[in-house]
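What follows is a pair of complexes built around chain A, which joins chain B in one and chain C in the other.
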Partner chain A sequence: MATVTLNQAEKTYANGYKAIHGINLEIQHGEFTVLVGPSGCGKSTLLRMIAGLESISDGEISIDDKVVNKVAPADRDIAMVFQNYALYPHMSNYNNMAYGLRNHGHSKSEIDSKVREAARILQLEDHLERKPSQLSGGQRQRVAMGRAIVRQPKVFLFDEPLSNLDAKLRVDMRLEIKNLQQRLGITSVYVTHDQVEAMTLADRLIVMNGGVAEQIGSPIDIYEKPETLFVAGFIGSPAMNFLPGKVSDDRTHVVVGDKVKLDLDHDVEAGRNVTVGIRPEHFRLCGDDAGPVSASVRMVESLGAETLVYLDFGIGNENVTLRVQGTHQFAKGTVLKLSITPDMIHLFDTETGKRI
Partner chain B sequence: MKRVQFEHSAVPYLFVAPQILIISIFFLWPAAQAVYQSFLLEDAFGMSSQFVWFRNFEDVLSSSSWTRSAIFTVVFSVLVSVLSIAISLFLAVRADEVVRGAKSYKTLLMWGYAIAPPVAGLLGNMLFNPLMGDLYMAFNSFGFEFNHIENANDAAFVVILIAVWKQVSVNFIFFLSGLQGIPKSVQEAATLDCKSPERRFWTITFPLLAPTTFFLLVINLTYAFFETFGIIDVSTKGSPGGSTATLVYKVYVDGFLGADLGGSSAQSVLLMIMVSVLTVFQFRFIERKVHY
Partner chain C sequence: MYQSKWRIFTNHAILILGALFMIMPVWIAFASSTHTREFVFQNGLQFWPGEHFFENYGAILFDASATKGRVTALEMLFNSMVLGLGFAIGKVIISMMAAYAIVYFRFKLAVPLFWVVFSTLLLPLEVRIVPSYEVVASLGLLNTYTGLILPLIASATGTFFFRQFYRSVPDELLEAARLDGAGPIRFFIDILVPLSVTMIAAIFIIMFVVGWNQYLWPLLMTTDDQLYTIVIGIKQVYNSLYEGGQIPQFPKAFALTIMATIPPVLVVVVFQRMFVKGLVETEK
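Showing the complex of A and B:
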């Protein structure tokens, strides 16, 4: 159990590229924090700064109130799980897990009991004498997890640990990691660009973009109240629809394109140009009669449990995505009637991208 | 293990025929000749020869000059191999820290590879020339009474130095590419698991380089045994008094300069046997331990 604190942490690489622009963050005891963001936004860099694999250019990182900027990685009491497992290929799986303990001067019997306990938890007991090359991808990932948990570190760091696994195994391991982390109660930082992993694992989610933390909060908070256009577009799949709109003079609705009017109960000045954000799952299909919005179908994708419908809202070539439960057959050109409640409408300042 | 089975046809034999021809002409035939010659005793003018069974072998094995050459060869080969492997490993580890990614720099570091052994010997000759050699002067100005023309140990030092210097660049290339083949994340995982860089080197890096090291050990021993001929011939010519003649060089001296074909053939047969034993030993006992 430990806290991790980042105070204006910055990273500038040797080539002058600034990958992290001053991040402030306080991770609580036993909290599972997930860093999510597009490729190249600096997730791995930030994680590696906590691990000590990258130097910290400016600011401070502390573990349990002790500033670790100058502390060697092996002395930070952290353990990391890498995307490509990074197991030692010449050692048996047993020795892979025992290696760190040996270097920290534990007794032989202590090491043995710890390794066997970890192997039991991860169901690796039958594979201890083998080398990593003799295991499947999922088993290797477990050995890598084992190597991390035997140390009983203060902090776990994960850098996309599941991205090399197939879809089914990924789901199993995701549950296993969540389970394990809750059982051991070890503070964790987890990097991913998989939405589902981010939403399901996180106690706290950090959405990163271009080296800054765009929003920090619980997954549900971020889904329901994205602070910026970027976060709104990044979290949620399929992505939120963004439509250019103008608030009506009486401030009761917003006009999108030429013909669509959506009711509002936001506190926003009249005549303001805004970007309207609506999640595909928040439209409601109305029968033939009612419904303030009508739009024609351009394309339909059936996924079985749900159907994605791409609609023409009369704003150029842009599609608006609608997500409905179950299977539906809509012919191209069918006009659908939709409604949306005002509290499901997100408004953003078109210039700054900030939530209104 | 599953093997691919080809239809029996002449084509594969045709493909290997040139190689077999080369081996036959340049290896099998001379080797057979050597074995045959080793049982003959020629008179001093090469007019007649006589079948003498193992007398040539008895003579060789009981001669003190052969024993001395054998001991020198072993010491020389071990020193050259171990030193050139150790030095190049050290250099490669240092270089690896700098050149990860920097390709042009890496190419520059490899140029030494292109030097032929006789050229290396010639360079050594110049450096150790008693009249103008820089190293000769330097050693003597430091107060070592260095004289490789007369002192056997000094002469041995010179050939070992040249042989190691020539070989380091070859080993360096292999070690550097071996090091660059170790995934960065494995090294990083080790940084988290182990604080001491020395310990990390001996427990992670060195074992991961074991296949490379083994391969280089074989290559270097072969080099020290055979290819250093050119270096010795150009630099010391085995002097003083045959003290820097390896077995291979002695075969040449006794056979071609001393015109003792029978004795020289017996020596080369012994050499062949030694090398075969060494090869079998290397592959049987060492190779098994170095793969992961």
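Showing the complex of A and C:
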């Protein structure tokens, strides 16, 4: 168990490109932290800085209160699981797991017991003598995790470990990783671009964008109170609807387009231009007559358990997505009556994108 | 793909003809090498083997006078083997290490240096043979195995091939090895060398054959018969075919030629298996 602390960590590449703009973060003992963001947001770079595979241009990274800026990767007491497994193709799975221990000078019997223990935990006992190429993708990823476990590191680092697996296996492995991490209680940092992985795995979620940590918090906090437009749009699927709006003079409504008026109980000055964010699942479908909002159906996607309805709110070509439970058949052009409770409405400053 | 019988027949006919065309001169040389010199002199080249196989090949292998020099074919085969192996193994080692440095270490001028090495591919040995001779001579290495092998040991071709291969090795392997506590030398020996087995076999085959067939360089470097390679020996024997008013020793000359071709053929056959096996099994 260990803590990881980032103090104004920055990364500037030799060509002057600044990938990470000063990140502060404290990861507690045994915490599962997930870095999530779109491609190129710097999440992998940050992970590799913690691993020691990328140098730190400015600021400090400490593991257990010891600054590791100049410590070689092998001496940081960390283990990493790579996206494409990075198993040594010519070595048996046993040797893949044992290689690091051998380099660190452990005795043969110690290595053997550790590898067998890891293999038992990961159900790889029957595959130890085979080579990675003889295993399926999921099994290979398990070997890669075994290689991390045997070291009993202070910190686990995962770099998109499930991206190469098919959807079903991804779900299984996700549960397995969570389970394993909780059982071993090892501090973990996990990078992904998949928000389902991020939401389900994280004790703490860090949403990154353009080398900056946009928001740090528990997954539910981030879902319920996104601090910026970016976070609001990135977390949640289908994505949050953003509508241009103007706060009414009596501050009790926000007007969207020319016909939609939504109740507000936010503390916001009258007449201010805002961006209104509403999650597709937070609209309530009302009966035929009730409901303050009416909008016509443009398109319907049935997913079985839920139905996605794309609505015309009278604001140009923009669709507004509505997500309702169960199967519904709506003809194109049907007018639906919707309502939404004021506490489900997110307001963002149109200029800065910050939450109001 | 469906192939008509006629098509299969023509394809095979062309292949067989091509193979015969290539193999026929070798066969005639072999068949002629198993007759007496009088028989060959009177009747010309022979298509069917005669009865003097052991006599001719025995003489060539063990009797120095049969090769018109002071060394037997066996000794020349040994010299060629030393040259071929030293040449091939040396080239593989040097070019692997050079490529390793170029691909995995960041040092100033790495790229220009690589292109300098690469551009030497354009220069055949003959271009630098005089200065090379000068260097070897002033080092006092004439008529030594070291002098024979060392100046030829750097290989732009090998370096280039290994460089391309290393660049195809995923970076994550290096990173995983770094996290596993493997330093540069460990990574090279434990990871890179085992992964390159196929490549090593391929370069070894090519280089061994090239080394074995070296003619001009050993001819310049060796004035001492004891260091003659078999390729030089062949030249020697053919040179003296008409000397001394005797009946030309065609069968023994042919026998020497046949013997000179056997080791490279063996190397290709043996290593090709490994090469193909490696290709099938390697997965990155």
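Just so we're on the same page, the second predicted complex is superposed on the first by the 356 of 356 C-alpha atoms of A that agree within 3 Å, B and C clash if a C-alpha of one lies under 4 Å from a C-alpha of the other, contacts with A are read in each partner's own complex, and residues count from 1 in each chain.
Simple rule for what comes next: a contact is a pair of C-beta atoms (placed from the backbone, for glycine too) under 8 Å apart; a residue touches a chain by one contact, two chains touch by 3 or more.
Model, not experiment: these values are computed from the prediction.
Q: Mind checking chain B and chain C on superposed chain A, clash or fit?
A: Aligned on chain A, chain B and chain C clash with each other.
Q: Determine, under the contact definition given at the top, whether A:Ile78 touches first (chain B), second (chain C), both, or neither.
A: In the superposition, A:Ile78 contacts both chain B and chain C.
Q: Is A:Tyr310 touching the first partner chain B, the second partner chain C, both, or neither of them?
A: So A:Tyr310 meets neither chain B nor chain C here.
Q: Looking at the overlay, what does A:Tyr223 touch: chain B (first), chain C (second), both, or neither?
A: Neither chain B nor chain C is touched by A:Tyr223.
Q: Mind sorting out which residues of chain A both chain B and chain C touch, each in its own complex?
A: Correct list for chain A: 51-53, 72-75, 78-80, 82-84, 86-90, 99-100, 103, 133, 147.
Q: Tell me, which parts of chain A touch chain B in their complex?
A: Its residues touching chain B are 51-53, 72-75, 78-80, 82-84, 86-90, 99-100, 103, 131, 133, 147.
Q: Taking the complex as given, what residues does chain C use to touch chain A?
A: 170, 172-173, 175-182, 186, 190-191, 194-195, 282-284
Q: Considering only the defined contacts, which chain A positions touch chain C in the complex?
A: 51-53, 72-75, 78-80, 82-91, 99-100, 103-104, 133, 147
Q: Chain A touches which residues of chain B in the complex?
A: Contact set of chain B toward chain A: 183, 185-186, 188-196, 199, 203-204, 207-208, 210, 292.
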